[in-house]
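Everything below concerns the one structure shown next.
We call the chains A, B, C and D, going by the order they appear; numbering starts again at 1 in every chain.
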């Protein structure tokens, strides 16, 4: 591919703005041709950042003749329709997670992408976090040996508003889905079974939406490893994002990042900094590196680092988790994958 | 109680020798009157350490008129018979874990202890480890708030010989039983349900003894908390003994102890020490503090810090874990407690 | 000040490029009107980045009617002439360190700045490093109490080429000068006395340029504190930038930053990451925050956070250090300040 | 040497009691024949611990026909007389530090020891601390390469009573002397020069005794390394005992030890434990290992690990430090060694 990759962004919410800034300032082979959002305020924002063309119509981005790649940051229900439309228009697609909450819908997007020979990359940005990418490399280069036990801790600093919870798809598809993808990424293996214990320990009100805010999720993998994820919607000390892989040759763990490395001693205790507050701070680099990876897979015509299959499996694990919670039993992933 | 507490030890294996040294050198209100072991070599050892009377007959220790308290370090099948005999002889009892692998048997020991008004303390030494005791205090003084998630990592540096595995009672009753007690100790709550995924990932040979060497165990507690224990028989980097409690007001975690606090930088990496090798090193202080706690509960006529109920519950959780593994399902503890 | 601050950059070497990128992408109230460099390649670079006007003539930048502030990244001998010229043209000045190696010359720049009522900020970027800024705040808000002992460790990953050493002004004015500024910044006090022990332990060849590569520097401060800096031109494990302040109420120390927070355990050791390689990585954020601070002091007409006096004192301490090394004795700063 | 080494202790103050307990309980080839102290209370203590013979007369210990080795824990002025007396009686000697504050006096003790062919070991217990011993081994096995910079931080939790300060011999001979020995131990090199800056920053009252409570001490070594020690009589956060050696191949540092490894997170900060309170806790193991090393050098007829020369040099550095402070100049050690 000669020259810069010409991109168009759909949706300029919090995540869309991150991707816009990364495309403009932190990647070396992209330009932004057009951006769409339904809010006029977002148009001003985009123009201020230097985007020449703005529109309220997503279709205009997808059909724009000078756009090579579409960045989809619209709400989840539009992910699959826009992906299919863009693929059919011959455009590469970067789409925020989750691709969808329905497996048939994901499969239809996957087919459109394959049929049209375009790249699809999903926004599982955490794979590009330097800590987690390093742990993955220690597994893939066999430093850790055969993986036996995986532990992921993923806790948010505060629960979202109840309004959001209602439409979020639930803890597993909204929050844990990142951890499901991470589990597959770190072990390099597919999930076989899912078992969940969860409850609303932080805010009992969310029970009315059939949701939970605290969960422990056990996964078994095809390579024999056993994994456990613990999730909470509220860690008062901040965004807690750690993991550990234990294998036949050793163990690697990723600790939290902090805003500084200062250690303070007084007559009562020794104090260090809390973790970086939330995902914008914690995954600032991951967002940049991930977007560069998307551009590079287009430029080099190499496989997408996070494709449709990854989206399918993460959603399937989420659906299995929901079923396990509901029926209080171990759920085989095949029940979900073959069930639709 | 005036004067020193006069003790007699049954069994001078590895653990018996630790308790002997602690009684002689590291506690301030005990003397050792007599010690028994079937091995003549152990007799020499005891005499060298300054024990005046040695015997091959455990009954001699139990019936010795000058013995106030009996320390039982014999093999597990003798724990309950000796405990009952000693209790009936009016002697206080310190007994190594597990008290037994059968709940009715444990209950009979508990009854004998209660009937005779003597103290029974079980050797769940880890409760006295400074790290874990500190975490417990942070829970009991409400620094952590309501407990939501408990994580225990407990991995041995190397599996025991197959000969031992055969008679060990299995991973859950031999190794995880410490973690079951720790889970109850840290949360201050009883276990309601148990779910296990486990496998023989280190040495497939142990499958012939219907045992496993790797496990992830989910526990739910009466106070609403959810716990997860991960066990391995072989961590190549040493004895890995960590835990973390996450609650509504914060989180506390206990990291491993190391032989030194030296940090080495070279042109490739930054290196620190491996964890202390195994339980003798890691729990050296815990053994001392625990034995002192036993002596003190006798001297002050205060409740035993780890009594028969604790032994019963740890064994019950172990039996539930075994059933969960066998039937691949969640097991309610009541199935076990009411089932015998 | 209404609108964006219009800047011009002189010098597009390694540091000039950092400042250019920060002005373009990481500050919110600047634009870059013009950039100068003697190399045509640098012109291409600037145009690629989006700078519309480029020139080989620094004077064009200084005299440009649309330039409010000049960023001087030219070689040290030009710092003072350009600063004076810019000040006389009514332009604010950001100038890289050191302002100069001669105190009278620095004083002449200071006078020009004061006479013309413009801002001068020196590029002591480390003051804006989140670690060191946090330690400073702990001193200034009295968390640490009265400062008693200051320790600064400042070691480069590799010595510069001998060609550079020849013209560098020597270890103290080239490298330690950052630490001298840091010492004043952290303690909030002026240096009274300097004592140095130093040697060429890494490369004896630099002795021919009367320079050293290893030094321990003792400073006494007007507030009674005693400080010690240790410098090396070659830490094989990377860029080592730490400090510690010990006072009557406590102690705070800043540790190194690393590219990741992964901890790897194998059967031999526990490994963590080396420090970030060198100043570009380590002080990436400090450069950004520092440039923003310069823009903000212009916008708010507030005092420069690092002014001419700071440049004067850092150079004076450097000259005192050189004299101490030469004469193997304690040197009072007044000897230097009053000696010219 | 056949059988156990028969020891006698002179002085049962705080340190004497530590050595007594170690000889009785934590070493494997010693017995304690007799102990002396002027206080009757100390006699009771010794008898309680199991010492059969007690006396108020130190000479009785030295002359006791069944004593092979004398442990001298009397006040400093008696160190040399008792050492000489014991050596002349053919007894091995373990003597607390400092051997003396006068170099001729130390030399006379050294001569007596050599003439009589007995072992003399000085109580520089910190050499046997696992942290510092490990750092030393990294220097001696060339992991660190040629030593360039040594940093020792040694701060007490609280100053001693003024009554003690009066007779202590001053900061350098009372407190820093341990650090002087450590500096020689870690670098494996002799000190050439000493430069001191110090003041009474904690309690100005001690100036009336011509003493200080805060010091920064620069040492140069014969192998080219440069060292710096910082001392304070009062670190409000506890006993701060760290060091770092930087060399051509890497760097090793020893951090403080803590009573536990628990990390607590709340909504404001992350907290860990303060360092172990003071030398009894911090150097508990060092005292044991050191006493065993003394017994072993007797049993194996190997050289004392800390001999008279070590005592001489530590005192000489202390005297040089005092002169440097007084005259505010660099002092060559030869001025001290050749000056008496």
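The definition used in the following text is that a contact is a pair of C-beta atoms (placed from the backbone, for glycine too) under 8 Å apart; a residue touches a chain by one contact, two chains touch by 3 or more.
None of the values given here were measured: they were computed from a predicted structure.
The angle of the rotation carrying chain A onto chain B, fitted on C-alpha atoms and rounded to the nearest 5, is 180°. With every chain reduced to the mean of its CA atoms, the largest distance from chain C is reached by B.
A count of contacting C-beta pairs for C-D and for B-C identifies C-D as the more extensively joined pair.
Taking each chain's centre as the average of its CA atoms, chain C and chain D sit 42 Å apart.
Put simply, the C-alpha centre of chain A and that of chain C have 40 angstrom between them. Note: centroid distance chain B to chain C, computed from Cα atoms, is 58 Å. Shown for chain A are the residues that touch two or more other chains, namely 235-237, 249-251, 265-267.
The touching residues of chain A, counted against chain D in their complex, run 235-237, 265-274.
Chain B meets chain D in the complex at residues 24-26, 130-131, 134-135, 138, 143, 249-257, 259-267. Within the complex formed with chain C, the residues of chain D that make contact are 146, 148-149, 151, 153, 155, 193, 195, 197-199, 201-202, 214-216, 218, 220, 224-228, 230, 232, 234-237, 240, 246, 248-251, 328-330.
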